[in-house]
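When the chains are written out, they are named A, B and C in that same order, and each has its own residue count from 1.
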Amino acid sequence: MSFAEFLNNYMYYIGAFGLIFIGLFILLTKKNLVKVIIGLSIMDTGIYLFLIAIGYVHEGTAPIFSKPGLNAEGMVDPVPQALVLTAIVIGVAILALALTLAVKLYKHYGTLNLRKIKEQKW
Amino acid sequence: MVNPVLLIVVPLGLAFLVPLFGLISKKTGKYFPILALLFNLLLTIKIFPQVLSEPIHVNIGGFTPPFCINLVAGPLGILLAFLIALVGLLVAIYALSYIKEKNEEKYHILYLLLLTGATGVVLTGDVFNLFVFFEILCISSYALVGYFGDKAGVESAIKYLIQGALGSGFILIGIGLLYGQFGTLNMADIASNIHSVEPISIFVPLVLMITGFGVEAAIFPLNAWLPDAHSSAPSSISAILSGIAIEVGLYAVVRIVFTVFGASSIMMFLLFLGVLTLLTGELSAFNQENIKRMLAYSSIGQIGLIVFALSIANMNGITGGLFQLISHTLGKALLFLAVGYMIVHTGSMNISSFEGMGKKMPYTSFFFTIGALSLVGLPPFIGFPSKFMIVKAAIFKQEILYTVLIILVLTATVVEAAYFFKVIQAIYFKGEAKKEKRNRAPFKVLIPLFIFAGLILIVGIYPKLITNILESSAAELISRTDYIKSLIP
Amino acid sequence: MRKLLGIILLAVIAAGIALSLEEIPFGISKTIIGDYFNKNGVEETGATNMVTSVVVSYRGFDTLGEITVLFTAAIGLGALLTGHKKREHSDKVEPSSLIVYTGCRFLFPVLMLVGTYIFIHGHLTPGGGFQGGAIVASGFLLMYLGCKGKRIKFKASKVIEVLGGLIFVGLGIAGLTMGEDFLFNFLPKGEAGELFSAGIIPIIYIGIGLKVGSELAGIIDNLIEEST
C-alpha cells in the first residue's frame, strides 16, 4: 500500500513504540538517576498509548450512553481503557517509590551518578 | 463449601484496618499478620481435600467467565497458598521480636500486603489480574528491601526497583499483544485459541512475558539485583524474598509457559537457562565472605535447579521440581532466620566472625546446620528425596543430553556442599577454647526455627506424606486441556 | 560503546514487535468481551459509562488490587521517609506573596467541588474515583504552595483513607454474605441516567475517590516534610 495509507493505519503504533524505545534507550544508557526515572516514565506512557490504540474502532465514539438511542456498534472498546486506568495508577505508585529512594540515596551518597553508587562488591 | 476468595480478601481487609488501630496504640500492629495468616492456614487446610479431586472455580461479580475475573483454586494453587501462609506465619512470629524500629507498624502492613499479593498470584485465572497482584508483591518487596534505610539497603532497593519496573513494562506489552490477537483476557480462553494463529506471532508475547516475570523469578541474565537485595534486606524479609517471592515469580513463568501458551518448543531453551543459572549461582557462592550474600547466590542456584527440573516436562520432572521448590522454601527460610540472630549478636555478616558460634548460640547453630544439610541434599532431610526425584526424572529420559546435564547438576551439588561445610566448620570447629558466655536467642525466636526444622525432618523421613499432592499438582500443569475444559465446557 | 549496544538491542526488539504487530490491524474491532460489554452493560449493571461498568463491576477485582498498590506505595513512602516528627500546627504559617495566596484561597474550594463532582458522577459521565481523587489531591497541593507551613490534619486524613478502603472491601463481603459472589451488585439498579442508579457502583467510586484523594495528599505531605 502507499505510504500515506501505511501511515494512516499504523501511525499510533509507530508513535507508541517510538516512545517505548526512547524510554528504553534512556534507561539503558543514561548515568543520572533522575534521568533514568524519567526514562521509565516515558516508557510507561508509550505502553499506555499502545494499549489504548489496540481498542480503537474506525469512526467510533466514546462508550458512554448519554442519550437513550445510541447504537452499541459504533463505540470503541472499553476494556483497554480500564486496563490503562489500572496501569497508570500502578505506574504512579512505582514512580513515587523511585523518587523517594532517590531522595534517600542522595542523602547517603551526595551524588546521583549511577556509576559512582557501587558500594556493593561482587 | 468455603469460598477461596476469602484467602485474599481477609488479609487485605486486615491490612487496611491496621493504620486505624495504629492511631490508638502503636503496639497492636504486629499481631495482625499473625491473625490473618493463621486464618489463611486453617482455610487452606480445610479446602485441601476438596481441590484434590476437582478444582474450585470462583467467579467474581456474579457474571460468567470470560466476562468477569475468575479464580481457579486447583491443587497447585492451594498447595502454594498453604506454603505461603505457613512460612509467612512462622516468619511473622520471628519478626515479633526482630523488628524493633519506631515505625514498626508500617513493616507489618507491607509484610501482610506482600503475602496477599503472593496468594493472589497463585490463585488467579486471568492474565491481567495476575499482573496486578504481581505488582502488589513487587512494590511491597521494593519498599521492604530498603526498610532499614541504611546505605546498602537503599542502593539495593533502587537497583531492584528499576529492573523490576522494566520487567513490568515488558509484561504489559505482552498482555497488550495477547489481547490484540485473541480479544480476551481469560487464561483458559486464550489457551483454547492459542493454536489457531501461526507460532511466529505468539513467540514475541511469550518471550516478553517470560522476560518480565523472569526478573522476579531470578533466571540467569535477569538476576543481577538478587545478591544485593537479599543481603541488604532485614533477615526476616530475606527469608520471605528467597523463600516465597522468587518462587511465586517462577510460578507465574510456569503458568504462562505451560497452561496459557502450551509451548513445548521453548522447554529446551529453559533447560539450558536452568543449568546456566545453577552453575553461576553455585560457583559465585563459593568464594563469598558475607554470609547473606552467599545464601543469596545459593538461592539463585536452587532456582536454576527447579527450572531445570520443570523443563524436563514429564510427570517425574515436574513433581521433582515442585518438591524441590518446597524443600528450598523451608530450608532457605530456616537458614536466613537463624543467620539473622547470629548477625544481631556478632554485629557483622562475615563468615569469619561466626567462629565459635556453636558454643555461644547452640540451638540456633543446630538449626542452621539442619537447614544447610537439607539444602545440600543429605538424608534424612527433605532435600534428599527431592533431588533424588529430579535425578531419576532426568535419567529416565534416556537421552545423552540429559545425562550430561545431570552430571553438571551433581557437580554443582558438590560445590554447594563445599561452601556449606566451610560455614559449619567455622561455626563448630573453630574459635577459642575458653568458655564463652551463652547468648541464646529469645524463646519466641526459637519456636519458628524449631517448627521449620521439624517439618524438614518429618517430610524428609516420610516423603509419601506429600507426594500424592505433588502428583496432582503436576498433573494440573501438564494436562492443560483438563484446565481448559473445566472452565469452558 | 554502551549506546551502540543499546541501539542494537532495541533494533532486535523492534523487529520482533513489528513482526507480531502484523496480526493486530488498527481500527478493526477484534475483541470478544468488549462487544459483549457494550451491548449488555447498561442492563446488567445500570451504569451508562461503559468504562466505569468494566472497571468497577465486571473487572472489580483489578480495581481492588489497584487501590492496594497505591496504598502499598503510600505506606512504603511513609516507612522510608522517617524525617517527620509528630506534626503540630505550631509551625509558622506564613503565606507566600499576596497574589499566590489569594489565588489559592479562591481556587481551593473550586477544585474540591470539581473533584467531588467527578467521582460522584463516575457512572454517568467520563471520570470516576481515580480521576476525581487526583483532582482533590491537587487542591491540597495548591494549599501547600499557597502557604508555607500549613499541613493537613494527620488523623483526619488517615481515618478517611481507611474508611474509603473499608467501604470497598465491606461492600464486596456484603455480597458474599448474601449468598452470591464477591462484589455482587446487590442494591437496586434504578433507572439508567439517574444519579442514584447502578447499585453499588457510585458508592464504591465515592469510597475510591476519598481514599485516593487523601492518600495522594498524604504522599505530597510526606515529601514536603522531607524537604524542610
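By definition in this document, a contact is a pair of C-beta atoms (placed from the backbone, for glycine too) under 8 Å apart; a residue touches a chain by one contact, two chains touch by 3 or more.
From a predicted model like this one, the values you see are computed outputs, not experimental measurements.
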Of A-C and A-B, the pair joined by more C-beta contact pairs is A-C
Chain whose average C-alpha position is farthest from chain A's own: B
Just curious, how far off is chain C from chain B if you go by their C-alpha centres, in Å? 31
With centres defined as the mean C-alpha position, give me the chain A-chain C separation in Å. 17
Go ahead and note the Å separation of the Cα centroids belonging to chain A and chain B. 30
Could you list the positions in chain B whose residues touch two or more of the other chains? 128, 132, 135, 139, 142-143, 146, 149, 173, 179-180, 185
Within chain A, the set of residues that touch 2 or more other chains is 54, 79, 86, 90, 93-94, 97, 101, 104
Which residues belonging to chain C are in contact with no fewer than two other chains? 17, 21, 24, 30-31, 33-34, 37, 59, 62, 65-66, 69, 72-73, 76-77, 80
The chain B residues in contact with chain C across the complex are 3, 5-6, 9, 12-13, 15-17, 19-20, 23, 58-63, 66-69, 102-103, 106-107, 109-110, 113, 116-117, 120, 128-129, 132-133, 135-136, 139-140, 142-144, 146-147, 149, 173, 177, 179-185, 189, 197, 200-205, 207
What part of chain A is in contact with chain C in the complex they form? 9-10, 12-13, 17, 21, 24-25, 28-29, 53-58, 62-66, 68, 72, 75, 77-79, 81-82, 85-86, 88-90, 92-94, 96-97, 99-101, 103-104
Under the touch definition given earlier, write down the residues of chain C that touch chain B in their complex. 16-17, 19-24, 30-34, 36-37, 44, 57-62, 64-66, 68-69, 71-73, 75-80, 82, 155, 158-159, 161-162, 165-166, 169-170, 172-173, 175-176, 180-185
For the complex, which residues does chain B have touching chain A? 128, 132, 135, 139, 142-143, 146, 149-152, 154-158, 161-162, 165-166, 168-169, 172-173, 175-176, 179-180, 185, 227-228, 232
Considering the complex alone, what residue numbers of chain C touch chain A? 2-3, 5-7, 9-10, 13-14, 17, 21, 24-31, 33-35, 37-39, 41-42, 48-51, 53-55, 59, 62-63, 65-67, 69-70, 72-74, 76-77, 80-81, 124-126, 128, 130, 192-193, 219, 223, 226
